[in-house]
Every structure is written in structure tokens, then in C-alpha cells.
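As written, the chains take the letters A, B, C, D, E and F, and residue 1 is the first residue of each chain.
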Amino acid sequence: MILRYDRLGVEIPSGDPDPAGAAAVQELMGGRFGEMSTLMNYTMQSFSFRGRKELRPFYDLIANIAAEEYGHIEAVGATITTMLTGASARDVVAQGSPAHALKAGKGVLPVDSGGTPWTGDYVFSSGDLVENLTHNYFLETGARNGKLKVYETVDHPAARALTGYLIVRGGVHQVAYARALELLTGANLTKAFPMPRIPTRKIPECRPHLERGSHFTLYRFTPEDYKEVVAVFKGEHPETGEELRVAHPAPEGFAWPEAPSEEDVFAPDYAPDEIAEIAQRLRCEAGFDDLTVRRAA
Amino acid sequence: MILRYDRLGVEIPSGDPDPAGAAAVQELMGGRFGEMSTLMNYTMQSFSFRGRKELRPFYDLIANIAAEEYGHIEAVGATITTMLTGASARDVVAQGSPAHALKAGKGVLPVDSGGTPWTGDYVFSSGDLVENLTHNYFLETGARNGKLKVYETVDHPAARALTGYLIVRGGVHQVAYARALELLTGANLTKAFPMPRIPTRKIPECRPHLERGSHFTLYRFTPEDYKEVVAVFKGEHPETGEELRVAHPAPEGFAWPEAPSEEDVFAPDYAPDEIAEIAQRLRCEAGFDDLTVRRAA
Amino acid sequence: MILRYDRLGVEIPSGDPDPAGAAAVQELMGGRFGEMSTLMNYTMQSFSFRGRKELRPFYDLIANIAAEEYGHIEAVGATITTMLTGASARDVVAQGSPAHALKAGKGVLPVDSGGTPWTGDYVFSSGDLVENLTHNYFLETGARNGKLKVYETVDHPAARALTGYLIVRGGVHQVAYARALELLTGANLTKAFPMPRIPTRKIPECRPHLERGSHFTLYRFTPEDYKEVVAVFKGEHPETGEELRVAHPAPEGFAWPEAPSEEDVFAPDYAPDEIAEIAQRLRCEAGFDDLTVRRAA
Amino acid sequence: MILRYDRLGVEIPSGDPDPAGAAAVQELMGGRFGEMSTLMNYTMQSFSFRGRKELRPFYDLIANIAAEEYGHIEAVGATITTMLTGASARDVVAQGSPAHALKAGKGVLPVDSGGTPWTGDYVFSSGDLVENLTHNYFLETGARNGKLKVYETVDHPAARALTGYLIVRGGVHQVAYARALELLTGANLTKAFPMPRIPTRKIPECRPHLERGSHFTLYRFTPEDYKEVVAVFKGEHPETGEELRVAHPAPEGFAWPEAPSEEDVFAPDYAPDEIAEIAQRLRCEAGFDDLTVRRAA
Amino acid sequence: MILRYDRLGVEIPSGDPDPAGAAAVQELMGGRFGEMSTLMNYTMQSFSFRGRKELRPFYDLIANIAAEEYGHIEAVGATITTMLTGASARDVVAQGSPAHALKAGKGVLPVDSGGTPWTGDYVFSSGDLVENLTHNYFLETGARNGKLKVYETVDHPAARALTGYLIVRGGVHQVAYARALELLTGANLTKAFPMPRIPTRKIPECRPHLERGSHFTLYRFTPEDYKEVVAVFKGEHPETGEELRVAHPAPEGFAWPEAPSEEDVFAPDYAPDEIAEIAQRLRCEAGFDDLTVRRAA
Amino acid sequence: MILRYDRLGVEIPSGDPDPAGAAAVQELMGGRFGEMSTLMNYTMQSFSFRGRKELRPFYDLIANIAAEEYGHIEAVGATITTMLTGASARDVVAQGSPAHALKAGKGVLPVDSGGTPWTGDYVFSSGDLVENLTHNYFLETGARNGKLKVYETVDHPAARALTGYLIVRGGVHQVAYARALELLTGANLTKAFPMPRIPTRKIPECRPHLERGSHFTLYRFTPEDYKEVVAVFKGEHPETGEELRVAHPAPEGFAWPEAPSEEDVFAPDYAPDEIAEIAQRLRCEAGFDDLTVRRAA
């Protein structure tokens, strides 16, 4: 089970509407190597894990990384919604992805950059632990490639902030799976880092995360479980030589960006003030303060 | 972001291997009305929610129910893995779903009862709040239908325990969306309850949950957010007349069932003792106690 | 069985070629909420209807609306073909949907606005009448949303005439399913009308249809069956308070728009005059008048 | 537009429940060469037809055959629903197609024999008339193959009656497209008949249709359009040498088979008598006779 | 089994980058009528061929044409890679197909012009020889249509050279299947040639191939098998009256075009010189000459 | 381009009909890790290879392994066709895969064990050489898993012979990609061999291939190209320590198994003798000997 909290792992800045960019960022949501894939691969592998007791450190690793990935689909979702704010529905249809207007009301969808839906066929979960870890390493590698390419082809500050964050955090997972594999088999995949071969520190939007040590830190996204990850996530970081560490609790995070109403797609309504008024009444009845008053003040 | 904890919402009993039943239960994971769909619909709607500030109670409702749904895919996953434990790979291929052996190592996959993968196309998120709520009500209705049919066609005690639990919890979400819609528009969809028209109390595996009031309780699956759900989830339960309530924290839950190794599908390995030994060594190095010793004692 | 006649439910005006607009209108053909979906949902539900004798009014309603939907896919088809007339194949490939030139010869395809084919997975037919009606209501709601968005994002007069017509007619079906549900369960979904919340009368292309009462009229598209729809389609229209009525026969309709040859996509041929000549000869042999002569006269 | 009437082209006999057979018959509904494909190919080709005026006989042929195909999906639908009547939901899941119970309430779905949904990708409509006719000939050939194989592998009398009928009627369409092609190009595809090479008269369930001349008759399924088909559908039948003919109106048809309620899949309801009672009341209110009384008498 | 050699069937000229054109050419790779389809249809039919001994000439025909088709997917692949050389990744995302940058590193993918992947569902292989040949004839007809349309809508010299070549070679296969069908059944499909009805000689890029007689020559792509094709591929060419001939060995072919590194998509690497250096060292160790030296000289 | 020759890489023995086993073997054809995937991944990567000149040894490796994979799809195809020989169509539909009778005429299809078609989405080709090699290593690992599982779950001697062969040959490719990666990056993936961890020598059907050294030999499937593979495929075999070697030409291979006619699926015809007679006449006309005479003698 999970506890969800209303924060994002990265601050998403606003910018000019960018429907074409938003379509490209969809690759990071619903592409074969997008965050839906990392989330669902690790999630399903944790459901099918056999020998949980005997192999606890590896179970904890996979289950805990799954938890962080949920935060990543949130960050991608917030980015796309932000990039579509203020675009005209007409422009979205004409030059971006028609589904963003016709289906999604200027929000995110679980599809890739070509509009193809994410599919459960992207999940690999063979039950063989060494093979699953090999897969996960490869998946993170493809994911890094995708993030780097979106970084290079989309200018919007939200997309840049997002990819800077995801490159660093995905890098941690790439290290984690390579290290797990090394501990089980002796294969030193970390020799191949970085893969793709671009040094992370060259990317300006990655630097703030590097500076606070995010790249060598695995956060435990849990009230108090998954403690045995420390048995696997250890040793030197393959690029920097710094000692890997496990931290708990995870950083506090950032508020979700505002997503104002977009009436030409009826989001949240053709006449949003009417339902906002109902909502205010309900809030007051339930003892919450009246936003209308507060704003008027 | 989420915090994941290593517990299940329902206790999953063991039983005889049942590959054919496991294939049917997949409908509740990856079918159009399965738990992947409820999870991802509410999740994506929360990412694309416009007017979050003005419409907070409705945002909180959708975001919080999304959180519970993650626990539901866990419960379905644990059930399927349990039902496959002890089956011969040969039997799985011959009479059940070949993918459960050839692809999943006797674990769950994000596919439906016919083996078709779940797809992002199952997500509806138009941005129009009233329409999204209408969809969500309908989705829960289809989900209830699916759970009832799996209940009627599969005998395995894990499947029965699972569906008993999901029918009750899904019923809460069905009520929640109907009530939200009623508060916004006046449409009294609860008049149509139960839908399908089978009284929940007739189902033996539902009764323990009814007895503890689970059917009129919305749990807040969060450290401390989503407080404004109380502004919507209120009034009488449409079937029983009991007062709806919001509870926090959610119940503690149950341990995951054991999932022993299945060597004929190499899960977690063709020779699982070898990697278990490595894992023990790593655990000891990290300061955890030695399971081998404990068991020997 | 059906009798097809060579007329359209709405007059489709010509205009400048608009490949990008034609791609958007495809959403109304092959999208999840397009006319293929309404047609095939009601059609399949009528094939699987159990208790036809006892529940005749509801069977008649679904079977008869299915019949009207066939006319709707015709109208969408004629619109798209019209919007592509005169476009250069090169432009269609470059800025519109390549399939419209490479596959469809400047005609319609059963795909959505992103080029994804319509799929039978869009059909819901659970056998449970109340649930099917709930689904159908929701389907019409999603369809109304799609039509409104295409209306807002495409300027071509054919697209505007089409959506004006479909919004009104789909509205009738939305009312019909809501009323059926109300009669069976007491749930007053019509309280939520219009959904989306835009008053139909605000849309200029809807007004001619409103003026002739099309919005409160269910036509029986049948030689003489489906008479019992009157037992369900009755009472007040939820937006206007006018009395709902059932009419027979349906209006006569309009001629299909001309669709001249487009030689750069070999439609109907690279050298259309040659096959037209053969066709004329065959017509004369069969005793029909000679169009060549008539035109020369 | 169409007028639908509540009759079937063939009488569908009842028999023992046969879930496995029903799954096989689905190939004739949703397979690449099933009746959804013939219906939708000719339907879409009629929407995109360019040069309708000059090439009227060919347009009329395609548009009119499309109309008959709607009757064919009805016949397949009625057959599958009939074959599932009386089966236990448990058996449907265990040995037939789980979707028939879990999704379809013992009714038909637009999927093939493996449960894969029909897709709009099966529609070919290039705009080139000669090519479309070539395609249609090939499609009918594949369809004949499929019908013959279902005939050989399924024993249920409904499946046999259905395939006997479809083989004869599909044969007419195969002849029609071959003849159209011959008239336009001189290519004598009819030389290859029958294709597959099984003489139709060898199939007992085809014989009643042959005896009434159905195999050389094209019915005009229209109130009064598509008259110019006679300019194409003429000459000798390739197998029998009989003169081809066009008939109007089409035969009257048969009543749909009874489809009684199946409560274990909630079709039409978990407690069907309750909604039947409501329906009776509505019927009486609308001036129809009371079935309950009639039956009691 | 096959022997592959490092040559192309046609010379692919370079030109300006053309991402939009490259997207259109994908139709010839992964579309329903693309070269993946011709390759895989004939390949699979050869695997499932029954009565190979008795029907050897027809087996040889299908198996041998399959071999040529592998060369066709190569030619399409080389064309698309060439057309993407030098394009900025940003432009590829913005106006072409995002997958060409985000997924394929400016290379080809097995998808169609809309980005939809080729699927095994495009393979028809019923086992019935006459029917398979009918299908193959129709497939080549659809393929010719597609090539002609790409020719008309894309200007890049590589696309023109490719389509000129494929139109001629596909025409040979169209003739081959029509003739095979004629010999087995007497049906003279060649009467309908050319289909589509554009004379091949009107296309400038086809003429060099016509001049060397490529249009009436079936090459045996084999060391020494498939000799019995001569029993089928014979008689007059339907358009020109020239005698069909079988030739062996096939023409020598052309070198693959250069495909220089594209660093903004990390192909073959973000810093390609580093891995080129390793490759040179490995080459020298294995006794091959040092390209660096040679180039310096 | 390729030269195809009419031999198989492994001898396929006959056995009793086994439709259920044939369905499982389809996983090795059309599954995500089947031979279609290995063939098409390496094939497409060779088309998109950038820096072919500088990185020749790696290009040669990928292009040459692609060539061998074509032989693997042949072997899988021959196996499935053999396993279906003699089965009744009725049995194929009832207990195996309906498509094998209804679509494939007791032959192979490009689908997986659940009947889902292979898709181009299974191709990974990012352009980044190190990443492609990582993918290919992982792909061969998944493929080995699949082969081992089919070996364990299917008894038919053809399936056993096939998997014995493919496990050994796939193992060579797994080594090749691991070695290539090691030479470029230093990562010693071979430490993790075998993966899955079952020693190949334990499998009886692998032993004949091990005895002739097939497991440490890369064959050049080419008339005379791809010579530079020796620069990469070298060093010790990770499991046995034997020296890797490159051999040319590849072994001669084996005749395809007989595939007699199956009249209940019309393969090659409902009355195969009739077309066999035509074929004989054509053979004689072309100067080949008369099989009928030979057999009579």
C-alpha cells in the first residue's frame, strides 16, 4: 500500500505554451522507456518476487525504486499540463498532438510522443532475479537516452527542469541495478558508465541536483520499510567515486504548479466559476476557510 | 510522491495451484475495468486537474482514491502469484495462460483474462470535472461487474478473499463518485445502487469487511494530505443508510503471502540457494541478522 | 437487416481543402467516442440482448438508435471526403495525415485524429441492461465533448455543419439513455444536462436543427419496427422542458455531396475518363440513360 | 442512412450450449476476414467513392452489398448469443473464451476467435476503383475460407445454419466483385471459382439456399436505391452457368431467436423479473398490450 | 538459411535532409503494403508450404521472391537513414516523426508513415495455394499503389531512386503471382495490368531499370536453389509483350551509402571518435589495415 | 541482399501431432524474445548503423548475426508446421490455437504463444552502439529464458530438437554481444554466464551441438563479407574456457521436413492432387523430370 502526498520531486517552472514540446515530453510518460515503464516494471516485479524472505535486500531495492517512480510520472504529468497551459486548443490540434485538446483537456495522457498508448507489454518480469536486474539496468539505460534526447530537442523551461531532475534520479537507479547485478554475479556493468556517454555534469539543469548529492543517494520512499536496500546500494559511484548512500526520509519536495482553467477545452468546466462556487460552499460546510473571502481580503 | 509500505489491504490465503483461475483473475488487473484502469485513470486525472485550488475537495477525492488503488493492484498481484505457486509450468502452459510460465515466472502480468496487455487507451481524462466524475462512476460500475463475475467463476480461496475485499472497497469509490456528481449537479445516481443489483451483504467474503464498516469509510491514504475529501464524502450510504465517514490513518494491513521459489521457471533462479547465500552474506555485512542462523536455532 | 438509402442526414457544404481539419474530424469517426463507437456499441448490445420479449421497449430503443448511428458514420465520412477534395497529395502528407493520401485516396478511414484505428475493444456490452444504459449515457457524454471540441478547433464549413447536426442528434440519444435509466432506477441523470455544460442553443450551426424540433425528437429509422420506443422516450426535455416525441418516418435527408476525381491519388483511377466510359456503356446496356448525352445537351 | 428491421436473414436453430464453438464463430465476426470486415470495407469505400455520378453502377454495387453485410453481422451475433445460452459462466471461463462471460454476459463481441478485437486497420479503401474491387474479391475469398473452416470445426446447429447461409451469400458477393473487375479490365477471375475449391453444393446446409436460387441473386437491400447494380451483376454464374439476377425487395427474413436471461452473468439483470415488471408497466402506459396477461391466458 | 552480402539492389543518392519525407517513406517499410509485409508474407508462406515436393515450382517461386524482398527492406532502410542524415534532432521532432530522433537515432524503424508498428497480423498464409497466390497478387498491387504515392509526394532523390527501383521490381512479382494463378486456374489477371493504371515507363526513375530489362526478369537470389521457378515465370510480359526470363546470379548491386555519425542523437556515440579508436585497435590486432593511416596517406 | 538456400540449420524430427505444443513454440517465433525479434532487431540496426567504415567490426558482427537469425525463424517455422501435421482441424481449434486452423492452414504464424502478433515495437535501434549492444545482450538473455521454458514445457521431439539447437546458437550470440560490449567499455558481462543459470551441457538435445563445437563458433552466413567479425568474436568462452572461433562457410544444413497435404484445412488445396497434376505438367514443360514416373518406377 502507499501513502500519497501532495508534493512533487522537482520544481516545475512555467513558461510559454508549447504544444509541440508537450507532445515530445509524452515520450517520457508513455514511451517504452518512459516513467510508466519504470514504474510498472518494478511494481510488477515486486508483486511476483519469489523468495522475498531469503532475498530481502533485492526485493527492498526493487520495491523501493518502484515507489520513487510514482513520483516521476507525477513530475512528467505536471510538466506536460504546465506546457499546455495557455495554448489555444486550435494550435494544439494544428501543430501539436490533437489528443491533448480533443481527449485530454490540455493535460497529460499515458501515451508516447507519437500518441501511441503505453502498454502492459512493456513490462518484463520473468521471475529470474538476475535477468530482471539485467533488464532493469537496460531499461534505465534506454530511459537515460530518452531523457537526454528530450532535453536536446525541447526548450521549454519545464521540460528542462524535468529532464535535469530525471537524468540524475534515473542515474541513481541505473547505478543501483548495475551494483545489484555486480554483487550477485561479479559482472561490472558500471564500467560502461555513463551510458549514453554524456557526463551528467555537463548538463546545467542537472547541476543543482548534483550539488546536493542527489546522484549518489537512494531515498527510501516509505514510512519505515525497505531498510535492507543498504545491503546492495553501497560502494563507489562509478562516475565520481563518491560513496553511495541511502537516505531517509526523502526530501520534502515542492508544491504542484498552478494549473488554471482552460475554458476552450472545458477544463474544469465551460463555466468554471459555477462549479468553483459549489466547491466553496461545500468547503465551508465542512469547516474549511472560505477562499473567496481570503482572496477578497 | 508516495511512501510505499510493505503491507497488503487484505489477507491472501493460500490454496491449491489454480492456473486457469489465475488467468481469470488477470481480468481484475489488466482488463478495461481492472485495477490498473482505476489506478491510472484517477492518477492521470489528478495530474491534469485544472483549478486545483478552487476545487480542492474534488481534487483531494480523486487523488486520494488513486492512492488506494495502488494497494488494489498489489492485492491482485499477490493473489495471482499465490494461485500459481506450486503449479507445474507444463500445466500452466497447457490449460491456463502460457504467458504465466513462459513470460512471468508464475507471477502476475499487466494483462487481462485473455492475455491482452493493459493499455493507456483505457484512461479517460477529459479535463471536464463533471464528465470525469461521470466516467469514474461508470468505471467503478464496470469494475464491480468484473469482480462479481470473477467471484462467481473462480473458487480458489485467494480469489474469493480478493474479490470480497475489492467489491466492498470499489463500492466505496462508486458511492464517492456518485455523491460528488450529485453535489455538483443534483443528479442522484445513488438511486441506482447497487449496480450490478446484487446486494453486497449476500456475498460471504464481503461480510467481514461490512462488519467493520469498511463499506461506508473512505480512508485517507496519505501522511496528512487530502483532508478536504470530507467536504464531498458525506451523507448516507445509498444501500444501508449509514453515515459515510472519512478515516485516517488507513488500517494497518496484512503481511504479503509467502511466495516460495519455483525452480521450473527459474524464479528467483534455477538454483535459488546460491543467490540466497549471497543475499545472506550481504545482509550480514550490512548489519542485519543472519536468517540461516535464526532458522537453524 | 437493414435497408440503406442514398441520402445523408445533414447537408454537407463544400469549402477550401483542409487536410489538417480532416485529420481532426477523424476523431468523430474512429475515436473512442466517435460514431463508429456509438454505432457498434448499440449494434452489438442489440445482438446480445437477453429478455428481448419482456424488455421490448428497451431493446427497441437501443436497436433503433443503432440504426440512426449508421447515418452518422455516413455524415462523418462525407465530411472528411469533402474536406480533402482539391488538396494536393503532397500537402496531405506534409501537414495533415499521411494516411489520407497514402492509404485512403483522399477519403475517410476508420481511425481517430492521431491515425489510430478504431478497435472492437471500444465496445461495451455486459449484458446487464442498467449497466449498458449507464455506459451508453456516458458514451454519449464523451461523444458530445468530442463534437464540441472539433467544432471549436476546425473552421471548415463541412465540419461545422456536421458537428452542429451531431451535437443535436447525439443530445437526443443522451436524453434517451438518461431517461431509460431513470425509468428503471429512479436516478435522475438529466439533472446534469447539458454535459458538457455548454447550452446547445449557443452554437449557430445547431440552431436550424433546434428550430425544427430535432432536439426533442427520436426518429424511428425502420420500415415499421421498434414501435415500443415510445414507452421510454417520453417526458420533458431536460434543457428546454419541451415534450419528447417519437417520429416516423425519419426526415428525407439530403443528397451526398459531389466527390470529384482526384487523379494524384488515383481516385477513382489515374485516368478516370477511361473507366467512366466503360461505366457509361454498361449503363446504356442496362437501359439507363446516357449521362454523356444528357450533359452534352 | 438506413432503415433497420427486426428480422434475420437466416433461421438460427437452438442447440446445446457450446462455449468453445462460440469462440470459434467469433472469427466470422471480428477476424480479418469476418463480417465486420466485409461490412466496414464496403461501407467506408462507399463514403470515399469519387466519381459517384460517372461510375454509378459500381458505387451502387458496393453500397448495396455493404447493406447486406449489416445483416450478416446480425446473423453471426445471434448465432453466438444462441450458442452461449444455458452455458455456465464457469464453463465459459474454463474452456471457452473468458471474455464471453467476464465482458459480454454470454453475448457476442467484435473480436476474433483468439479474442483479439476487430480493428479499423482491416479496412482497405485506396480510392482506386479497380484496386478496391480486387481487394474486395480477395476479401470475399478469405471470408469463404474462414466460413468453410468454421463449418468443418464446429458442430452446433446454429453454427452450421449460419455458415451454410454465409457461404452462399458471400459467394454471391465474390461473384459480384469478380464480374465488376472483369467488366472494367477483362480479367476473368471467375475462372478460379470456387475458391477455396470446394463445390458449394457439397455442403448440406447450403443446399436449401441453392434450391431457392440465392446463390445467383443479388438482393437490393434498400427502399428504392442502388438500381444500377443490374448494369454489373449480370451474365452467367461461374460455377453453375445460371443467369445472375438482381431481386427487390429482399426476402422477408426470420425472427430473431429467443435469448433468455442468464442470471449468473446478470443478463439482463441479477433479478430479471424486477426490471421486466417495470418494462411491462411502461408498455401498458404506452398503450401496448400486457404480456403478463397474454401469457397467463 | 541465407547468405547475406553487403550490397544494395539500387544506388541510393544523397540529398538535403528531409525528415518529413523520411516519415512518408516509412510507409514502404512498415505499412500494411510495405516491404516488411511482402518479405514476411512470402517467408511465412514458404515455412508453411504443404506438398513442397509435388508443387515445387510454386514453392520455389514464393521462397525465391521472399529472398529478394529482404533486399527491398534493406533499400528502404538505407533510404530513410540517408534522408535523415544531417537533419537536426530538433527538426526531426518538430516537423517529421519524433520517433526518428527519440527512438531511432536518425535511422529507420519497422513502422508506417503514421508511426504505427508493422504487425504480424499483416501476414496472410492460409495454406491454400491458390488463395495465397491471390493474396500475393493483391499485396503487390497495394504495394505498387503505395510506392507510386510516395513517389508523387516526396521529392528527395533517395526516395525517388528507391521508388523507381521498387516499382519495377514489385511489378515483376505482381506479374509472377498473376501468371502462377493463371497457370493453376486459367484466370487471366494480367489483363488488368498495370494496376494502378499508370504505365511504368512514364516514371523517369523507372526507366534505367526498364532499359536493362529488369521488368521482365526474375532473379534467383540463391546460391543454386529454386531452379523450378522457370516452370512458372514464363510467357509474355502483360504490358510490353516481351518474354519473361529467369536470371542467375542476380546483379552484383551497389555499395551502401555512407551514414556519418550524428552526435545530437548519440549515433554511434556522443563522442564517436573514442569508439572509432577502439575499433581501429581491434582491427589492427586482427590483422586488418589501419584506416587512420590509409586516410592520412 | 541475401541468397537463400533450401536447407535448415537443424534436423527437425517428426512426431505425433501436438497442437498445444505448437502454440507454445509460437513464443519462439513471435514473442517479444522470439526469433522474429532477434532477426529484426539486428537487421534494422544494420540498416541504421552510423560510422560503418570506422566501426566495421561491430557492423559486421550485427549484420552477420542478423543473417543467421533468418535461419532461426525458418527452423521455428518448420517445427510448428511439423507439429501440426496430422492434427485434426477440430482438435486444433478446441485445445490448441484456433488461428493455426482457421488462419494458418496448420502452419506457422508470426504470433506469440497467446496468439498476439509480433510487432515492430519490439525493435530497439537507438543508434548508440554501446546501447544497442547492451540491448542485444539483454535480448539474447530473454531469448535463452524463453527457449529453456519451451524446452521444459513441450515434449514433442521437434520442439526438443529445435530448442536444443537454438539454445546453443543463441548462446553464441549472447557471448558475442557481451564480448563486444567488453571490448568497447571494459564491462565483463560474461561473468554472469550462463544466464539463466542452467549449464547448457545439462540439456541432452544441446549436447550434439556442443560436441561439434557449435557453442564457441560464429559462422559467417555470407558469400564473402563480414570478415571483420574476427576482430570482436575472440577470446575465451565464458563457460568452458575454449577459444572462440569464426568459421566460414557455415555448415551445410539439413533438408526441410516433409509437410504433407492437410485437406481439412485446404492446404495446399481441398483436392491437392488436381493442382499437383498441373504442377507436374509445368515441370515437364520446363524440362524437369516427371515425379509421377519416378515414383511409379
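Basically, a residue touches a chain if its C-beta (ideal position, glycine included) is under 8 Å from a C-beta of that chain, and two chains touch if they have at least 3 such contacts.
Predicted, not measured: the structure shown is a model, and the values here were computed from it.
Engineer: Any chance you could name the chains that touch chain B and chain E both?
Structural biologist: Under the touch definition, chain B and chain E have A, C, D, F as mutual neighbours.
Engineer: Counting C-beta pairs in contact, which comes out ahead: C-E or D-E?
Structural biologist: Output for the comparison: D-E.
Engineer: Which chain's mean C-alpha position is the greatest distance from chain E's?
Structural biologist: B
Engineer: Tell me, please, which of A-B, C-E or E-F gives a repeat of the A-E interface, judged by over half of the contact pairs matching in residue number.
Structural biologist: C-E
Engineer: Could you classify the chain A-chain F contact as same or different, where same means more than half of all interface residue numbers appear on both copies?
Structural biologist: Because over half of the interface numbers appear in both copies, chain F and chain A meet with the same residues.
Engineer: Between 0 and 180 degrees, and as a multiple of 5, what angle does the rotation take that fits chain A onto chain B by Cα atoms?
Structural biologist: Superposing the C-alpha atoms of chain A on chain B needs a rotation of 180 degrees.
Engineer: Could you work out how far the Cα centre of chain A sits from that of chain D, in whole Å?
Structural biologist: Computed from C-alpha means, the inter-chain centre distance equals 49 Å.
Engineer: Could you give the separation in Å between the centres of chain B and chain D, each centre being the mean of its C-alpha atoms?
Structural biologist: 41
Engineer: Express in whole angstrom the distance between the two chain centres, defined as the mean CA positions of chain C and chain D.
Structural biologist: The answer is 22 Å.
Engineer: If a residue has to touch 2 or more other chains to count, which residues of chain F qualify?
Structural biologist: Within chain F, residues 32, 103, 114-116, 121, 126, 128, 130-131, 145, 196-197, 265-266, 269-270 contact more than one other chain.
Engineer: Based on which chains are in contact, what kind of graph results: line, ring, star, complete or other?
Structural biologist: Drawn as a graph, the chains match no named shape, so other.
Engineer: Let me know each pair of chains that touch one another.
Structural biologist: A-B, A-C, A-E, A-F, B-C, B-D, B-F, C-D, C-E, D-E, D-F, E-F
Engineer: Chain D touches which residues of chain F in the complex?
Structural biologist: Against chain D, chain F makes touches at 89-90, 92-94, 97-99, 101-103, 114-116, 264-266, 269-271, 274.
Engineer: Given the complex with chain B, which residues does chain F contribute to the contact?
Structural biologist: Residues in contact with chain B: 20, 23-24, 27, 31-32, 113-116, 145-146, 148-150, 152-154, 196-198.
Engineer: Hey, which residues of chain B end up touching chain A in the complex?
Structural biologist: 1-9, 30, 36, 40, 43-45, 47-58, 63-64, 66-68, 70-71, 73-74, 77-78, 80-81, 103-111, 117-121, 123, 125-131, 183-184, 221-226, 228, 230-232, 234, 250, 253, 256, 258-262, 265-270, 272, 275-276, 278-280, 282-283, 285-286, 288, 291
Engineer: Where on chain A is chain F touching in the complex?
Structural biologist: 32, 121, 124, 126, 128, 130-131, 134-135, 137-138, 141-142, 145, 181, 185-192, 195-197
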